[in-house]
Amino acid sequence: MRKISLDKLNQLFAEIASKNSLYIPVDTAAGAKYEKYDGTQTMSDALNTTRSAKDFFFPQTENLVDFKVEGKNIEIKEPVNEYEDFVIFGARACDVKSFEILDRVFLADPVDNFYKNRREHGVVVSMACTKPAETCFCGTFGIDAAAPAGDIVCHKTADAVYFDAKTDKGAKLLESLNALTEDTDSAAVDAQTAQTREVLKKLPLAGLDASAFGADKTMEFFNRPEWQTISESCLGCGTCTFVCPTCQCYDIKDFNTGNEVKRYRCWDSCMYSDFTKMAHGNIRNSQVERFRQRFMHKLVYYPTNNEGIFGCVGCGRCMAKCPVNMNIVKVMRKLGGNK
Amino acid sequence: MQVNGEFKPLIVAFCCNWCSYAGADLAGNNRLNYPAEVKIIRVPCSCRVNPMFILRAFQRGADGVILCGCHPGDCHYTSGNYYTRRRMALLFSMLDYLGIEKERTRVEWVSAAEGAKFAATMNDFVEKVTALGENKRLEDLRCKK
Amino acid sequence: MQEIKREDLIAKAAQLLADGTVDRVIGWKKGEFDYDVTPAVFTSKEELENEFVWNDFCGANFSKYLRKEAEKTESKAAVFLKPCDTYSFNQLLTEHKFDREKVYAVGVPCNGMLDDSKIKAAANGISSVSEENGKVAVETLYDGKITLERNEMLAERCVNCKSKKHVAYDELLGEDGEVLDSARFDEVAKIEAMSADERFAFWQNELSRCIRCNACRNICPACTCEKCVFDNPDSGVENKAIADSFEEKMFHIIRAFHVVGRCTDCGECSRVCPQNIPLHLLNRKFIKDINGFYGDYQAGAEAGSRAPIVDFTKEDLEPGEAVERGGENA
Amino acid sequence: MQRIGVFVCHCGTNIAGTIDVKAVAEALKNEPGVVFSTDYQYMCSQAGQDIIKNAIAEHKLTGIVVCSCSPRMHENTFRKTAAAAGLNSYMVEIANIREQCSWVHKEMPVGTEKAIILGKAAVAKVNLNAPLTPGESPVTKRALVIGGGIAGIQTALDIADAGFPVDIVETKPTIGGKMAQLDKTFPTLDCAACILTPKMVEVAQHENIRIFSYSEVSEIKGFVGNFDVTIKRRARYVKEDLCTGCGACTEKCPQKKVPNEFNLGMDNRRAIYIPFAQAVPKVATIDADYCTMLKTGKCGVCSKVCTAGAIDYQAKDEFVEEKYGAIVAATGFNPISMDKFDEYAYSQSKDVITSLEFERLTNAAGPTAGKLLRPSDGEHPHTIVFVQCVGSRCAACAEKGKEYCSKICCMYTAKHAMLTRDKYPDTDVYVFYIDVRTPGKAFDEFYRRAVEEYGVHYIKGMVGKVSPEGNKLKVQASDLIAGKQLHIDADLVVLAAAIEPDKSARPLATMLTASMDTNDFFTEAHPKLRPVESPTAGVFLSGTCQGPKDIPETVSQAGAAASKVIGLLAKDKLTGNPCVAHSDENMCNGCSTCGNVCPYGAITYEDKEFRMPDRTTKMRRIAVVNEAVCQGCGCCTVACMSGAMDLKGFMNKQIMAEVDAICK
């Protein structure tokens, strides 16, 4: 385990940024967000960024291929796929877990090369939480906010940041910073972890239990009458899906610039009425079906296809951002017998 | 657009069929020159012009958009240009509010008898837009050549 | 703190259900936290007593639910309307968006609603929010109890409340208020006073955060299209995500333009924006311009009124003059 | 995918002189959809048109682009060419490379480059064109004229003479209107009745004309060629078909104290009455407000004296429904009320009268049998003051009067002054005016005669105050030219009251969806080029309902309106302009914004049941465009937020494709 005193943290950032693109969470008037480190910013202490960290590997829009139309010929232009190495600093346990959930979709056969490429070029430096919010419920899905995963795991105390490399990629990066960091034992980290775990137990959503849901429960939940009432308030916007770190649906569209056609993909939302629209029309014609889809996917379908792992990481963004405060916790309470 | 190192603006002019398009024809009949950068699109009435068309033109690379219609009171459809006037007053004011250069958009009333006014208007508009340079604030980078 | 008590609203709703005036009531339902309130439909007194909530966080505008409920059955639904909600209510009537006969509107006075994001910015780990001597008392997980000034926690639209007067209702609980002389255009004037470069930079910064989640559109009482142009592949402007910074401007200009003369300035767009984009400043610019160019007009103040964008006078100012005036038309 | 042919015209050297036409044809070959591209010296010539026709057949073209002169020049020519070759005429687009290119740009490379771009835009548009067929609707060959004054009479006579049936609806018991109340007419001073009543008789006797007097229009539905109108025939309690107009009842009626509106209340009539001797129809009418029988059930004198048995106290309002192909509004005018002009003491003295009252006072059939006598004491007035512009040109006092000039007052006042001086040379006549406006044939000469031959005192200046004192009217006025105040002791003051549209015009305009200006005058379709048509197709304007007019002008406008109606009724079918608005009912949300901006009232709304994707049904309000009424301006397409409303021939997609092609 390595440590660096807080006052030298910016030196460390500068060092990383000199070799890779470094992204750190920065406070803005509109909440914390990841920004490319340019030597001027200081790291945010906010619990989490407004948008999730999935953008690094699965950006909202991404060009796939261009077609150049010249007279009556069409030339196909493959996109350039060389991404620079980059480092994400300060991802929380929930967001780090979301990468694993996305990996299971994008890296499974057929592999999504765009995602894979970004994933291989990115180093995730996670940050343990110390002050989780009332909307946090990562524990429900077995995530330990005090001990996140990641290539390097950090703990920030009052005066220092502690680093623990968990992967080869992480070890390599950490080693390159040895000149700035010093070796240390884990006493301070252990103390903080223990303290955080006490806090986690007292969170209002600490008792939220997902065990009623999980793999192979489709028939148990699909036709439950409660979907009708809880979906009533849903406006059908895409806020929950777009702030969600694990939502992975996208649409592929063509944009004709007049000179060429750009084929790109962009996030889509199962809450939208034209989601998965096909020649015959839509699959899910009412908002109740669309609403059910989203939560069934997180709580039942995803676990069914992924050894019981839930498709939610309990980051609480949807709770904070839903225009009408309808969210997965309310769904779990209503359908899963949670009180 | 840069032509031989010189900036040549791209201007889209929407002209109503009854007055301004005829005014542009009259400019032609009288051989009154104006820059070839001006490309005219014929619409039945200035009120047919949707703000979306104007934004579309900027997106696709126009540097200026001008709307020409019958003089107020002379609309072939009696009141179309009155609506145009309100719509464009509000739209242009909004574009200005967003920091888009106000010289890039214009509404001008040109009658079928005003060939000279049409040419003069276009000359002036092209000059103003040329002075502004390329449209950077409402451009779509994907549409750049 | 609201003048009218939760119990009064429940009693009114229960009475309307009991006497058969309505068979359901659109109201607010309590959630996980004190600030967590969801619009919901109540059909029984028990439901009301258990789950109905009326507090400083009942900001949501019911327009979308009102339309949905009015279409459902032949029987009437009751709806609680704050003063600002009644403007949306009238505007919907103007556009024939629901059958007035299917709705029983109960006006409720409002003292302004709190903005939970302001409270969250001031307090970490909120376990409860309550009212204490006119102040907002927040119990937190980390810092014990924090007391906040209520005025400072008010939502922006409530700070600049345009009217405490109900412009439509079947029945009013409590006292009606007055149309207020609000300072709601001050922010707009501030932006107008900037240089064009500053304005561009300001909006570029704001709009670049847009994630095109459509929350602003889907909550907007005025957005009532069967198919939005931005969802319609045939419209020529359809887009699902912002693939270029042009599109964020396109989306927001057109969105605001489509509600010109129809936007009641309810402020829901800004409230729901997950990226905190001050969308109301676009709508208010149009409202301010309309007032300045064509005379004061408040959408929704009167059902059936004709919006200035679909009206004209022969002496209207020219677009060139409008732009030259910039912010000086107030 | 279209198969498009491109035809580039040289127009001699008009185009080819500054544009490399071969290069244009060559460049456009590669555009999407283009399968054939050529150039020719004169595309509009027979040989040029043959090239187009042959290419359409040979290359199975589905659309063509002609790069040539302005579409305002030859679009129709090429549309016909296409139609002759079996191609829908609306699959033709013109790229204007002459007026808007070769003639305004001098350098060949510049002109050529622009011509190619304009050609590309036209190709882009044709790619999205769809064949359009103009709609057809039948024409009901009957006209309705609303108002039976001189305007309505003239219009009806002209239409009827052309062989079409016409109905006149008149609210009064007789036709004739204001002109029937006038004494003499300027500038020739022939008597109004002498020239009007023969026309009224002609109307009564015309086999193609029906008169619905004492009636009003209560409902209008439909559109040009196909109006459905409901006419309310008010109960007159006299059977029109039986009444002979003998007048026995009007002499015997015991109720003698009914103010006679025909004489503007200056004398009385009976409760059963015929407005004047030459009334048409000459049928008595019972005034229900005054008839003792109708009010109390006790009297019945008229019934007893009527030998024809025409009296019917049980009569009720009746409704007649009729179909019309065209409607003419001829609702006329009224002098404005003098209530707000108390400075002239109209309400205080009987001797302050309006000009129309003056007409009755000098009319042989009037209350004084044509002798000019003071209403107060029946004495002959020796000093008369005429006040011009009472309520006209009243810009500063819009609350009280009208901003416009009433146009007729200068002339009729000159007439009144002249006639007075002619008949009663011992009378001093003063006319106070702002300006004397006498444009018109022989008008200024007429006014000059009043001043020069008849010695009328014309004084530039306004009357400030009239105060009744004893049997005199003290008139306080300013003489602007002499720059002094005048005090005149007058015996009679005559006010030239402004005229305003009849109050029935506003509700009628609403029924007709015809537009009005702020003064409630009907708006014409075009102020210069279509002055007798309303913007609403099939609705025409006759007389003062469109704006102040004198009799000659009214009659000529009435004739013009009639000729427009005849032109319409002469057609068996109306062929519309196919470039009309169309609302996609699946996208329309019925918000009614489009209807607000439609200048023609072409948009109506209806509830329609829709099948929803989730197998439910839903009633939804949607807009429906009447293609026979829509003129294709496209205003509604922009008002429509959802884009449900689009304009055929100028669709959103087509215009955007042109934009794209130009900006490429």
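By written order: A, B, C and D. Residues from 1 in each chain.
Everything below uses one rule, namely that contacts are C-beta pairs under 8 Å (C-beta built on N, C-alpha and C of every residue); 3 or more make two chains touch, one makes a residue touch a chain.
Please read these numbers as outputs of a predicted model, since none were measured by experiment.
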Chain at maximum distance from chain A, centres defined as averaged CA atoms: D
Separation of mean Cα positions, chain C and chain A [Å, integer]: 30
Distance from the mean Cα position of chain C to that of chain B, given in whole angstrom: 36
Cα-centroid distance, chain C relative to chain D, in whole angstrom: 46
Between chain B and chain A, distance of the C-alpha-averaged centres to the nearest whole Å: 46
Residue list for chain C, restricted to those that touch at least two other chains: 229, 236, 243, 309-311
Shared-contact residues (touching 2 or more other chains) in chain B: 51-52, 56, 60-61, 73, 79, 83, 87, 140, 142-143
Chain A residues counted as touching two or more neighbouring chains: 255, 258-259, 262
Arrangement of touching chains [line / ring / star / complete / other]: complete
Chain C partner contacts - residues on chain B that touch it in the complex: 51-52, 55-56, 58-59, 72-73, 79, 82-83, 85-102, 105-107, 137-142
Residue numbers on chain C that touch chain D, as the complex places them: 71, 95-97, 224-229, 232, 234-236, 258, 306-307, 309-311
Residues of chain D that touch chain B when the two form their complex: 70-73, 96, 98-101, 103-106, 110-111, 113-114, 117-118, 121, 515, 523, 525-527, 535, 579, 597, 599, 631-635, 637-639, 647, 650, 652, 655-656, 658-660, 662-664
Contact footprint of chain C on chain D as seen in their complex: 586-593, 596-597, 605, 618, 620-621, 639, 641-644, 652-653, 656
In the complex, chain C residues that touch chain A: 29, 31-33, 36-41, 60, 64-65, 68, 120, 124-127, 141-142, 209, 211-215, 217-219, 231, 239-243, 268, 271-272, 274-277
